[in-house]
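The following pair of complexes shares a single chain, chain A, combined with chain B in the former and chain C in the latter.
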Partner chain A sequence: MTLTLNQTNKPLVPLKKKSSGRLMILGFLSPTLAILLFMVAYPIFSLIWNSVHQFSALNLNQEFKYVGLENYTYLLSDADLWQRFIFTGKFVFVCVSIQMIIGIFVGYRLQRSFRGRDLIFTLLMMPMMLSPVVVGFLWRYMLNSEWGIVNYLMSLVGLGQVNWLSQTTPALFAAAAADTWMWTPFIILLATAAFRGIPDTIYEAAEVDGASPAYVFFRVTLPMSAPVLFIALILRLIDSFKQYDLFFALTGGGPGSSTETVSFAVAKRAFNYFYTGEASALAVILLFIIIGLSMILVRHLNNMGEKN
Partner chain B sequence: MQDAKLGGTPNFYRAFLLALFGTYIFFNLGPIFWIIISSLKSRADLFAMPPKWIFDIDSTGYESVFGVGAARGTASAYGVTDSLINSVIVSSSGTFLAVLLGTLGGYVCSRFDFRGKGDFLFFVLSTRMLPPVAVLVFYHLMFARLGLADTKTGLVIVAIFANVGLATWIMKGFFDGVPKQVEQIAVVSGYSRMYAFVYLVLPMVRGGIAATAGFCFIFAWNEFAFASILTTTQAKTLPVKISAASGATGIEWTQIMSAGVVLIIPVLIFFYLIRKHLLMGMTFGILGRS
Partner chain C sequence: MAKVELKNLSVEFGAFKAVNNVNLTVNDGEFVVYLGPSGCGKTTTLRAVAGLQTATSGDILFDGQRINDQTASERNIAMVFQFVSLYPHLSIAENIVFPLKARGFKRAEIARKLDWVAEIFKLGDELKRFPGALPPGTKQKVALARAVVRDPAVLLLDEPLSAIDEQFREEMRWELGHLQRELGVTTIYVTHDQREAMSLADRIVLMNDSQIVQVDEPHNLFFNPNSIFSGQFIGSPSMNLMDLKPVSGGFRLGDSSIVLPEKIVPDVVRNSAIPVRMGVRPRDVKLVDEPPEFGIEVAVEDVFSVGRERYFSFRVGDEIAQGIDVRSTSTGQGRNVAIRPEGLVFFDSQTGNRIASKGTDV
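Moving on to the complex of A and B:
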């Protein structure tokens, strides 16, 4: 019956309905479009415009001076700022690689059925839903060198004490640990979904051929789940690159300014020093990096869509 | 099947993997357990070394969050209760409006083909990628000019902007799951498309709307970057208030732990309700469409 309806449907719909469809599209989309134009497009254009001017949000009436690309050349010649990029890069690399390895391992392990698996899976997903500020403070509390539980547990197994948050390199690893705690579940979530998509028959065939588990994992499971794992990778790269909240609560950018990410540097320039023009230029640079990564993701998604 | 596959591996290797798995579970669940324990400790017990596993439950932290008991009218001068109320107002109205707009947008994107649809969806997706501080440099100026700085209205607008994209994408996925014949039959029977949408299709995606609302609420509730820059006194939300408890006079750990747990509890409740849709919600509807 549905089939016949489907076929006879087109001529039956009067022309009038078509224009009501157009009205519906317009009416339903325009509020969202208005909000996005006002909150995304407009800010980005004025950010670019602001970035070629020298001014401060403190005195908007004066000193709105066109300086061309001076803000950019100044920023790019600032050795201090390069440190922020280097730190952010290190942080992204450490976080994302650790998270991918643990996430894929735990996701693979969760493929095996055991009692209470669904419950454990759900519980494991909790950290990524929490507020980064709470996560930051919680880890700051746990990593305290005097009364933190991390150092206590380390002393139990005979490891030395570390001043996690008052030294540059340990602080990087402390931040990576907090980020890993929060976001490995995301990789687990996507990895289990990817692994579940591989048909059992392929595993059975590999078993008949006498392939070792390691061979099956590296030659069958990983390549077949690569498209989804790649999505996980890019999303994590984007999110850890723009990380701000966690550092705000965990290290406050310290010790000194050694754990300031690029986002942090933008915020500091804009809201502490009120170098608004310069901050806009840095925000534009940050935006371009994020847009570049997003483009890779979108192209990948389009490729995946074509294959299906 | 998977068990059989690992059948040939040596025992010590399996034990090693099991130990690694166990370590991860401990690493993952330990901190949540620890924040709940710590939130019930007195100030002295919080800093005890070695950490106390058995202690007298102390509710001073929670009292100061809700401004009751000993903290009535005093330490709640920190205004934690006010910020909690702000958080509830901002995230629930932001969620309501974002889900409303997302439902409308998602429906249209699921049912109609129109020029620029791909661009629109990409534009919507960009809200997921944007670094908050980048647009904040501009919001900061704009909100001051429009008188929206430090107001709940301003934060609600931000909450809509931050979540409408997610809502549109997820709702599109749920609408895609409803057969198009529903509207076709309705139109053939003489009902308008609008009638079909409101009375036939919407009731079929009730579960989807609830899940979308759950995600939007969690994200709006946790939101920190925007709220921290755009509020100063009146409209502070709970995450901002928590971060303000670490000030020049040191960190108010009792309050941070209790306020942290208060912030976490609604999240965990909503998380439990939406757990089936997690993949869809966390990937912006890219994956896990049903």
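Moving on to the complex of A and C:
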């Protein structure tokens, strides 16, 4: 028996001490961590901290008074604030459903290559590049009841004048129109990409299988591009839910405060009335709603990753 | 079931003729295989029959009725594609019944047909799974199940086995042949694999350069190639080709000093004014130790054995020719190669058309 086994489990390359490896990792991560702590963790913590106190950023001499959940109970029992939630919900629903329908339809039309398609895409992208405030003002001028082009065009076809921005429901639709004008291209872009991701042979197979175009659209195209469309939907939900600047420019929240969204209400409380504690509490509520929506998105993205 | 006729069918892509004036009749229940090199127009022909490609000119008839203007979904055809085209978001069962649902079949009918194909293809365990979880071979099986589930008049198969690994391909080929005969469905199958074509087809349609070269039963295609292309494309290794040059007492092979005795060359060739090329399959030459009656003395270059067969190469002038020796007793040391005279084929060296094969003039 000349064969001997080395019984000691000594690794060929000696392992470095674990602590130095950890220090190294920490060293590399620390700049990022520091920025993250300073830019994200601290503001969130201070937001939550502020939300359980009664104070005003304008009047720092006033006592920074701990009130527990009083800000929250006050806000949640405020009927006017519930009106903001309802209005925001209506706006989100109208916006997102119109944008999804138009986006999917136009995206479906644009999936085939034709001359000038790239140009159309570039043109479609342009509203997205504008600031919502600019869009708000643009539409405000177009919708002006006396000299706006919208009412002028309506008068040409014999329709009566509408006071778009001084009534709640027309203002809601006006804002939805502006938001749709701005953000539908985003859905078109994603939908086109999703539709084009479906191989031609799938469509050919469906045609050979005797499926009508409508059947193919609802049973093949839509379900196969659903993951991407779902992402577009959630992103638009989140984005339109926190819409503020568009309304700020378009209606200023009026008439009264009937076209204020929840974000608008937060901004007003924080920077018009300087009820800092109360505004913080409302921001926290908003934060949780958006985190909820984001979690759906993140979970969905993770599922997609696993499937592939 | 249907009889398929192609009359002067052409498909053009701009200036390029992908299919050039093709005529063919596929009988009811027949299994026809389109064979040819890549880009010869066989898949385009199939797509034209399917209705996925518009014919530029010519007619496509099913049972005598012109169907050019019908869409793919109106023609009663089913198709299996080269690359898997199952609906990834639907289960195997839903995939299979898709054509039935799309055509509005009744629920009970759908269930009955699903049971029927699941039984044939032994897919019972897979029905609830999704395409992404299946190996390529099983996916194509599902695609085939989806194709036959609604009794199509014509079954079109576009290289259905090419994406499947060797072992499973063999098995699928066998099953496919059986299934086709059992169902009796008119089948057009496209492949570039001659073994597939040879083993499946009732008739092979050999295509090259957008045109049909030869339509024949597999056996005939192999033994009676009508052109240099047929002779060379079918069979592996390829048919050996040598120019014949008339000299006194016979014909010289290529630029070698080997002379083929006059008596084994048919009259048509002997009297031909045009230059002639002779073809001989590797299987029709063999190694011998003693000079044979119709043999040529050559330098055997290389011999290697594959199982019971010995592949060898030999020089004819500047050219290397190949032979396969089956169950030969030769040691391989000899310098002699015997040619089986019945295996000689003679072609017009300009047009490539066959002039004669030994004994049978054309």
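The definition used in the following text is that the second predicted complex is superposed on the first by the 273 of 308 C-alpha atoms of A that agree within 3 Å, B and C clash if a C-alpha of one lies under 4 Å from a C-alpha of the other, contacts with A are read in each partner's own complex, and residues count from 1 in each chain.
Simple rule for what comes next: contacts are C-beta pairs under 8 Å (C-beta built on N, C-alpha and C of every residue); 3 or more make two chains touch, one makes a residue touch a chain.
Note that this is a predicted model, so its numbers are computed, not measured.
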Clash or fit (per the criteria above) of chain B with chain C on chain A: fit
Chain B versus chain C as contact partner of A:L33, first or second or both or neither: first
Residue contacts on chain A - larger count, chain B or chain C: B
Touched partner set for A:I86, first chain B, second chain C, both or neither: neither
First, second, both or neither for A:P199, with chain B first and chain C second: second
First (chain B), second (chain C), both or neither touched by A:P127: first
Which of chain B and chain C A:V208 touches, first, second, both or neither: second
Partner chain in contact with A:L76 - chain B first, chain C second, else both or neither: neither
Which superposed partner A:L159 touches (first chain B, second chain C, both, neither): neither
Closest Cα approach, chain C to chain B, once both complexes are overlaid on chain A (Å): 8
On chain A, positions contacted by chain B and by chain C: 204, 207, 212
Chain B-touching residues of chain A, taken from the complex the two chains share: 2, 5-6, 9, 12-13, 17, 20-22, 24-25, 27-29, 31-33, 35-36, 39-41, 43-44, 46-47, 50, 57, 60, 102, 105-106, 109, 111-113, 120, 122-134, 137-142, 146-147, 149, 152, 181, 184-186, 189-190, 193, 200, 203-204, 207, 212-213, 216, 228, 231, 235, 238, 241-242, 244-245, 248-249, 252, 263-264, 266-267, 270-271, 276, 279-280, 283-284, 286-287, 290-291, 293-294, 298, 301
Touch list for chain C against partner chain A, complex: 50-52, 71-73, 77-79, 81, 83, 85-89, 98-99, 102-103, 132, 143, 146, 150
Contact footprint of chain C on chain A as seen in their complex: 199, 201-202, 204-212, 215, 219-220, 223-224, 226, 307
Complex interface listing, chain B residues touching chain A: 1-6, 8-9, 17, 20-21, 24-25, 27-29, 31-32, 34-35, 38, 46-51, 101-102, 104-105, 107-108, 112, 114, 120, 122-127, 129-142, 144, 157-158, 160-161, 164-165, 168, 181, 184-185, 187-188, 192-194, 197, 218, 221-222, 224-225, 228-229, 239, 242-243, 246, 251, 253, 256-257, 260, 263-264, 267-268, 271-272, 275, 278-279, 282-283, 286-288
